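In the two assemblies presented below, subunit A is common to both, partnered first by subunit B and then by subunit C.
== the complex of A and B ==
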């Protein structure tokens, strides 16, 4: 890890542990419970907060300046338009998915970190969060700068900035997550959810797993960018553990709740973001391992060991989670492909080579998905290339009232959607964990309208094309299509019968 | 618009769109600063997708000036993460050289007394200033304002680090550690501590930001950086003065961007609200400065107040109804 300080620099802790006893105001007013989070403890209870690698300001700016210079050079050498044009089209669309999902969410993390730099309960925690705020600002600015030149080539890259400003259903789901995780969360929940679960638990999937695939796919720029970002994450993710340890000491039940809630919510987002890219949008010959294998290698063992070491239990829904590891991202991908005009990137149909690979990697579940893709193959065989709407869903889909993603949990044979009646309203969820999260804090979630409810309330148009154009900010040029226009060499497209055309 | 089958990649090869959606109306190529800092906050004007206590807090305390007005603000230095780390790493390298060249000869009793009384405790108010910048940053009405405040918060961290590092070198860690008591109990620090503690519980964004960046910081930064530096220099510790000079570069930028922000958000006829905050906070800040800066000459204090008056008048405001000239 970079920028840790030698123990010889003993002055550094004197520059961090700077809490004092208030005389002119009350500590509870300086650190109000409603914004500091729970448990609310006397300041002395937080004084054991410590980070293993301390960073001085001087070492921070020196290291970060070097990293920025190095990335600038890499961008100059590898970030030309023709470098992007030489990438596989499927991979390029994985890039669009990431480009949109990351920058403004990273900036929401700048806001969350600034809040922790004010309301974190120990001076050293606050200082670490201030540097964390800068890191996240960097992670917003890098992709915005890199992708800007691609807008003139492909308007879908406009969504690098536009995505979170829209009402595309994926953006609603993303805001549903990041509003709570980053933007409007108190520093205790932020530290446990973002720093411990999201950054320590999951981001290795992106920064190690996906970076290695990017290198294999010839996208050296993406590889270098993610690896450079990873070094920042490794530093500020340290904030989480000492916060969690104090919460465990004083309110173990709440600590367990936060872990259970945020493991599930993080899992859902990584299943889509990383799962799509690894198992569908990377050329099959470049794949090193499946998404499931990466999760097993980089998330599960490490996560379980770390929570067991803290005296916590694995989440109560663990069996459900293990099943979803075989199914969930495949369910959402098939759904997203079927409704691709509702997103801002293009998707591909897995062909025989990919299907064989997926069957090998997912022996427990893939036989359930084969009929889905066989049906899509058949539909394309009866459609002309480029006529996406011949192979597209038209009926209204349902969204989970917790995660706001389409009701895609369970298996193709057994969808696990479930309902709950709360204060005279019926709510629907994709899974028991999403229902359980809602039930624990209904005041946070119950007032929300999903996209279908917005249509029914007259806030959004019911006509699909109008909905996409006027409410979701998509238009024909930017909405998702089949990335290969349905022109797959392995399709057995029937030649047109001229007699029928004459008739 | 592309035809469905156009282009090798299934998409149009040239879109005619030259920049991100929100910068198109400018009808010119955006600067790097604009590309990476504009409209980074997606939530102003949107219903939150989750209702948390923090969200309610933000709704209650946010700026009274609409976000679209704040979005027009541009940092005069056009600071991006890249330019910030480049600039600050250069300044820090300079300080490293200053410290390397520092030969610590015998330190006079006067100097040691000054260091103990004024320099070592300085870590605490600077930490308070970091917290206040972070508060204004997390509730900032635009991404560009949030970025300025994030950098301002870490500039305070810079100041804390360099003060601590050099104070430990001069006084030893134990004496520096003991300065907490000085901050909490010494008479000269109490008016300032009172202002900072009161400001920490002032949560309305406009008031918190204006009191911090238009009243407290412009005055106290002069004391911390210039007066303390020149006093130490006069006592024979020129190294500290060089460090403080470099730190003063940061505070100059804090004043510049704050003046630009207020100038953008509050039109010529709308400065009453700003003036009332200045009027509310200036007397206690002035008192804190006077008590604290007893080590500096009266001439220096008068010069600082005149300079402050120029700064505040540049925004169409006045320095507390003639208080400046009285001091």
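== the complex of A and C ==
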């Protein structure tokens, strides 16, 4: 009965690492390689697994209760409709983007964590993953609860729940990533990809970088929501490092492959999710730093140091990644602006002040984008406000067969899309890293049709408006428009020729 | 026969699908691409067509240029 008198700390060390030797079954049957992932190691190889921040269930519940109470208070005080209505319209649309991307992905992460809570190879790992699953469940529910009240005011907020159930191209790309990352991965790949790369490498960008901009923009609710989520992320993200250390010890080549693959896959999604908001949808006077500067601070410095300390190398495509830091989200944003009816949030045209800011922040690349925005300005000058389709594309765009995002890698001068013939089928990729990921595991990826192939197979309509309405679950009320209806004070709108009006 | 092609116009921010016919000349396919990229790129007729890194004659048909379904072609601006 000595344990009754044990201090909290000593009780925790006993309770968090519950493992035993199997007498009546084989360890390989309890932890099958097919589910547990590779390398499959004897249980003893995992016994040194240790997480820096340990917590018991009771202290977890107490802490989470406090966080929930505090968030509810903030929601009560700052989450009224008029608080949202007072926000800048561009920022509100960044909020729609994040609100949609978060909840169901977080719910999928619950499932990934639960798999680790059963098939993780060490007791402490399983205990940490069980709490991680509860965290992710909370993260799924917070935005659903907070955004729900906005649906009656603005139908695009309905996409907070609806997004992953649609065939909008962004949803296809997000499902392509999260289905594999969170639902399909075995616990080892999940720990390295989600806990180490995604949560340690990238979510700081989202939950700290973006939270600070939200505060500047007056969106205290978003700031508090993301900060509250981040405190959970920081705890369960630590699952990744001890798993990665063990993989490096026994199969360093596989460890490097997982890092290379998941860094790129996470990057292309974060570049859109966070890059759009930081560099375009935040009012210019509220911007603290550019997306690139945030990536340099939160991803490059910290992530590179982490992997180099582990004896791993930078991903082989590092130079491509550095170039894409200057170009990629600008390429996608300009493309998305001119296809804004294909998404569920509105976009804005950067005006002279914003263009100047972007030119200062992106001296290596911005010259390539000036003509594109000049062209867009010029077209709005010839269109009436609100006539969105006057400044909009109508042809089908190409999608990468790996990441399922539009073919926007490289530069406006040289798009890096590349093709590959595999088993009688032709595939196109936005970049060499996406092609490389496909080539390493073609059987995993070859069967997934991108939007173009669905159209060519007759599964989706080729006409844009029909595609949006019948296939992507968008309609006039919900599809993206110019957030300011094309009414920009700096546009030199052409006076109409009355003779043409008469004719 | 209809041949869907991926077209990349210099100065544009994304690749577009061009639905060409195998008997269509490449100049026409390039024109379709330039037209489709109109929201982002100023129209021009001064162009060169590049396939697999080599400039080709715009009067060649899609089939003569060796392009099959879902192949890439580039349109460079002079």
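Just so we're on the same page, the second predicted complex is superposed on the first by the 495 of 503 C-alpha atoms of A that agree within 3 Å, B and C clash if a C-alpha of one lies under 4 Å from a C-alpha of the other, contacts with A are read in each partner's own complex, and residues count from 1 in each chain.
Just so it is clear, contacts are C-beta pairs under 8 Å (C-beta built on N, C-alpha and C of every residue); 3 or more make two chains touch, one makes a residue touch a chain.
Remember, it's a predicted structure, so these values are computed and weren't measured experimentally.
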Touching partner for A:72 - first (subunit B), second (subunit C), both, neither: first
Touched partner set for A:104, first subunit B, second subunit C, both or neither: first
Most subunit A residues touched (candidates subunit B, subunit C): B
Subunit B versus subunit C as contact partner of A:415, first or second or both or neither: second
First (subunit B), second (subunit C), both or neither touched by A:375: second
First (subunit B), second (subunit C), both or neither touched by A:133: first
Subunit B versus subunit C as contact partner of A:180, first or second or both or neither: first
Touching partner for A:257 - first (subunit B), second (subunit C), both, neither: neither
Contacts on subunit A seen with subunit B and repeated with subunit C across the two complexes: none
Complex interface listing, subunit A residues touching subunit C: 330-332, 334-335, 338, 368-369, 371-372, 375-376, 378-379, 391-398, 406-408, 412-415, 417-419, 426, 428, 452, 456
Complex contact set, residues of subunit C against subunit A: 4, 6, 8, 10-18, 36-37, 39-42, 68-72
Subunit B residues within the subunit A interface of the complex: 1-2, 4-5, 9-22, 32, 35-37, 39-43, 46, 48-58, 80-82, 84-86, 88-89, 92-93, 95-96, 123-124, 127, 130-132, 134-135, 137-138, 140, 143, 146-147, 149-151, 153-154, 157-158, 160-165, 167-169, 173, 176-177, 180, 183-184, 190, 193-194, 197-198, 200-201
Touching residues (chain side subunit A, partner subunit B) in the complex: 9-12, 14-15, 18, 20-25, 29-30, 34-35, 56-58, 60-62, 64-65, 68-69, 72, 85, 89, 92, 103-104, 107-108, 110-112, 114-115, 117-118, 123, 126-127, 129-131, 133-134, 137-138, 140-141, 144-145, 148, 151-156, 158, 160-162, 164-165, 172, 175-176, 179-180, 183-186, 346, 385-388, 404, 443-445, 447-448, 475-477, 481-485
